[in-house]
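Should a chain be cited, it is by its letter among A, B, C and D, assigned in written order, with residues numbered from 1 in that chain.
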Amino acid sequence: MINAGIVGGAGYTAGELLRILINHPDVEIAWVQSNSQAGKAVAAVHTSLLGETYLQFQAEAEYGSVDVLFLCMGHGRSASFLSENEVPEEVRIIDLSTDFRAESEDHDFVYGLPELQRDRIRLATRVANPGCFATAIQLALLPLAKNGLLEDHVHVHAVTGSTGAGQAPSATTHFSWRNNNISIYKAFRHQHLQEIGQSVRMLQPDFDLDINFLPLRGNFPRGIYTSTYLYTDLKAGKATELFEEFYADSPFVFCSPTNPDLKQVVNTNKGIVYLDWHEGKLLIVSMIDNLLKGASGQAVQNMNLLFGLDEAAGLRLKPSQF
Amino acid sequence: MINAGIVGGAGYTAGELLRILINHPDVEIAWVQSNSQAGKAVAAVHTSLLGETYLQFQAEAEYGSVDVLFLCMGHGRSASFLSENEVPEEVRIIDLSTDFRAESEDHDFVYGLPELQRDRIRLATRVANPGCFATAIQLALLPLAKNGLLEDHVHVHAVTGSTGAGQAPSATTHFSWRNNNISIYKAFRHQHLQEIGQSVRMLQPDFDLDINFLPLRGNFPRGIYTSTYLYTDLKAGKATELFEEFYADSPFVFCSPTNPDLKQVVNTNKGIVYLDWHEGKLLIVSMIDNLLKGASGQAVQNMNLLFGLDEAAGLRLKPSQF
Amino acid sequence: MINAGIVGGAGYTAGELLRILINHPDVEIAWVQSNSQAGKAVAAVHTSLLGETYLQFQAEAEYGSVDVLFLCMGHGRSASFLSENEVPEEVRIIDLSTDFRAESEDHDFVYGLPELQRDRIRLATRVANPGCFATAIQLALLPLAKNGLLEDHVHVHAVTGSTGAGQAPSATTHFSWRNNNISIYKAFRHQHLQEIGQSVRMLQPDFDLDINFLPLRGNFPRGIYTSTYLYTDLKAGKATELFEEFYADSPFVFCSPTNPDLKQVVNTNKGIVYLDWHEGKLLIVSMIDNLLKGASGQAVQNMNLLFGLDEAAGLRLKPSQF
Amino acid sequence: MINAGIVGGAGYTAGELLRILINHPDVEIAWVQSNSQAGKAVAAVHTSLLGETYLQFQAEAEYGSVDVLFLCMGHGRSASFLSENEVPEEVRIIDLSTDFRAESEDHDFVYGLPELQRDRIRLATRVANPGCFATAIQLALLPLAKNGLLEDHVHVHAVTGSTGAGQAPSATTHFSWRNNNISIYKAFRHQHLQEIGQSVRMLQPDFDLDINFLPLRGNFPRGIYTSTYLYTDLKAGKATELFEEFYADSPFVFCSPTNPDLKQVVNTNKGIVYLDWHEGKLLIVSMIDNLLKGASGQAVQNMNLLFGLDEAAGLRLKPSQF
């Protein structure tokens, strides 16, 4: 059994991670650390775990007892945590923040998108788990980049669920505001563009065109729905072949033969892509559940790779569909 | 023209009041006071007013310039406001808080449910605007009380929209939590039972049975849907007659000939009641929009009565229906 | 491995059953029958199964190849199916319709609420799977009936998700209507009262009081939230003890120490109950996911019992929580 | 008073039209025709009108009694209606279908976007009311076209509410499907591109670039939210000036100084536009309520112009905001 510790256990991504790990056949949850909830029952905060765990949050992280550490703190806090705490070298670390997604000589985190670099992750000890938007958009772009086909500006619209904004209540996550509403934010300026560009250039090094990315706040809690297009002669049939080839070894990414909808991926670790071509424009729809393939599910997928397990272990989840 | 001032102008009820008064044929909004938003444009906070007003929030209330004052502060704060501020006697006051709903010799506020005491309101200078749940439930009970027919315990379930909880974000108004969710709170203990009991006993003084009231948080922003029943031989047909008689002079309350749904009243000042009888139990469905008939719409209805206007002036609102 | 066949495979309950059985460790899905969709891919109809199955619907049911048959047809059609088809005696049958829920000498179906009669189900060959409302309400009533404590009329208010209405589009399942809406139907007259009464009288044979049941249409797709109360001296603490005793052997039913919300059970097979007492009234909140514990999850739970498997096999589902 | 008749009175646009006209100070509704609902009360179908009208649907349209005719039938049926019925020349006609939006020598309908050709509408007798997507997108493009600034391909992403799909229930308007869901349809191929192109070329005749339009189904009932961008040096400040100039005489279109959200326009006849520029790309957000400015509200706005009334008469609607 793999013993896992979770740092920053009270937030949304930690909750989703717990909901997965509790049923993972190869994992034991050693402890869940939380500053704000120390002493409380885990199921009192992540309330759908009632009856499934009697764990309590604890204030301290204990590195001696674990094989893997999941860092589920806010962005910026993983870096400071690691500079303040001495985690033994043999403890593998999966960080869900943005802090180490930019690959660099300053740290040894590998960017953890299995569909991009499954083999590097298998050999790594530390993984920077990708962002949710970044995951969905890369699923749409990487097969093209791999084939050198990103030859014009890319146009991306992506609608995200409210859980992407975290659990701290705010004006734009207030139910009265968000219900039946939609709005844009950080147009052309979203921070995930950095990691998307990094991955694209791993496959198509000379790519220097624009990725025009409009993120929107959707009025649903889970999921990211992206529509991406670019001018190209590559038609849908041939593109689908390239996508299927690119994802041939990926247990979670599927090409849909028909126009899909977001709820096909909700509560699963899947990515679904769909291709359409019309008068010189190739459209790629791609969709994930932001808390699963976009966060905690992908973190477990990375853990499976780090420990040589079946990549899908613990991640064959019943879709909710409704 | 009636000059109106609004104290506590940044919250939900003040916003709704502004959205009504801006189109009221007989009212001029003199000023809108807010501690938290002073200096900001009103339309920057109540954003659907973009293009409809250039008013700004101001820190001070100016009594000299107004004929009527709407108090839209939190519960408990109206009483302290009035003890700290000397409002001229000729300024009429409509208070939307709970502070003065209990009629008492200690103050001269009249309980402002027009369907109960339209004539007393017409003669009043100060009105305590009823609570939202209290309004919906009284619409179901008063015609029976008037006829002395509340002869057994009363069973009330009522589901309210999220705007009833105000605009301060909280765990139970977080979209991620509330979307597709429902839950009970303050079972049998809701504070509106006080004013409901007061009104019932005005009409049926010896009433001393239970009103068992279960309030629920619904996953919609506007509206209160109540289902009330009691054991009685009074059948639906005869009951409908009594209700229609009771509401004959009420421009906003209607008996539905068929089983209604909540959205029939959303964005209107209406109350809809519906009666059904089955094996000794009389069911009364009643519904209102909590921000309108349950708060700001009723406040304007009371203002209309205070100033001798058409009771429905400014309140013939297009229903949203969807 | 248990070979399973599904009759009536295109509807909501069959879809949910497929989503469970696909990951059940002891089950092989032999075939899925559907009149309307024969020849189509199962994943083309139950679209969240994309990538999980390559099964196709077939027109015919083949009894020779299966150990268990799930009947997922509309109410009334199971009875006619069984009179028209000769299912071999050794094939176990789990029927999700209302047709055989009334226990009778005319048939040998056992009423399949494991929490009521786990042992009878273990010995049965044919099971009538309970109704969704009926399951939720029985979870609230049976521990009291077992102790002879249903000594006054019972008041039940229950809100159901839209999937309870099936997949045929209709006026009251139209998104434009149902979004942000709520309404009552079949007040005091819901057909599930029959099976609830049958179960209550198994435990408290002389019960002849009213179960006043108000069903409501909620604006969420999954879940049933019920609030039930009756006049009694039994306080919450003692009641909780009785409930915990009653459910001691039940792997899916839990007493919540705090006031719960519906989403704690969504996408799980759990039932959660919560007890509160105030001035002579005992409130029991109970909640299930109507498609799981209220239908297909309970069907699999019954299958597990029929075949001597772990009762929870295949049903340790990740809650969606959001 | 203007006497109005409505043909095809049972659908969503007719319902919204009725909800407006009932309170319009200058209009009397003479009759409402419906094939499917003849004989029924209007308020039995458009249920939020309970208490507001005692009109009944009638099978026949009576031209003698009306000044204006609103055609609210399905697309294609207005043309056949007019070829089969002789409407007197003096009766003004406002058609809400697509049938006459393509201006042509074959008919004398004027394309009824007041912001484009207010003066032509004032002189017209027959008006083709614009489509909902087309209205929202034109509000974003026309000020640029007017100034000859559409000098690169245009990228449009627009999310629509479910009422845009009409009231006939279907798979994609089923609540269980649409709740918390999103999906694309008719990518690059939506029929409204025709009328958008026609209007753009009225102002910028040589425009021959692409308008790449991705329509999406949103999980809300009312509203259209569009985000449009193109490569240009025109920055947000200067663009806002051009937009404000273009809409100076338009009582319903406003430039928002801050990033808006859809619910600012819901239940109003407003259009809100917002401009942002980043690294060579100008973003224009535009939003309307699809049933109001996108259909029936605009139809009344056109009626007001046809009859020389205040353009906003009857259209100063309380926003719902929530």
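To be clear about the criterion, a contact is a pair of C-beta atoms (placed from the backbone, for glycine too) under 8 Å apart; a residue touches a chain by one contact, two chains touch by 3 or more.
Quick caveat: nothing in here was measured; it's all calculated off a predicted structure.
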### Task
Count the C-beta pairs in contact for B-C and for C-D, then report the pair with the higher count.
B-C
### Task
State the chain with the largest centre-to-centre distance from chain C, centres being mean CA positions.
D
### Message
Could you work out how far the Cα centre of chain B sits from that of chain D, in whole Å?
### Response
34
### Query
Just curious, how far off is chain D from chain C if you go by their C-alpha centres, in Å?
46
## Note on the structure
Per the C-alpha means, the centres of chain B and chain C lie apart by a whole-Å value of 40
### Task
Hunt down the residues of chain C that sit against at least two other chains at once, touch-wise.
12, 161-163, 176-177, 179-180, 219-222, 260-261, 263, 266, 322
### Query
Which part of chain B faces chain C closely enough to touch in the complex?
155, 157, 159, 176-177, 179-185, 187-189, 210, 212, 214, 216, 218-223, 225, 227, 229, 259-263, 266, 276, 278-279, 281, 283, 285, 322
### Query
Can you name the residues of chain B that touch chain D in the complex?
12, 15-16, 19-20, 23, 44, 46-51, 161-163, 179-180, 221-222, 252, 254, 256, 258, 260-261, 263-268, 270, 272, 291, 316-322
#### Entry: Complex contacts: residues of chain B adjacent to chain A
12, 161-163, 167, 169-171, 173-180, 219-221
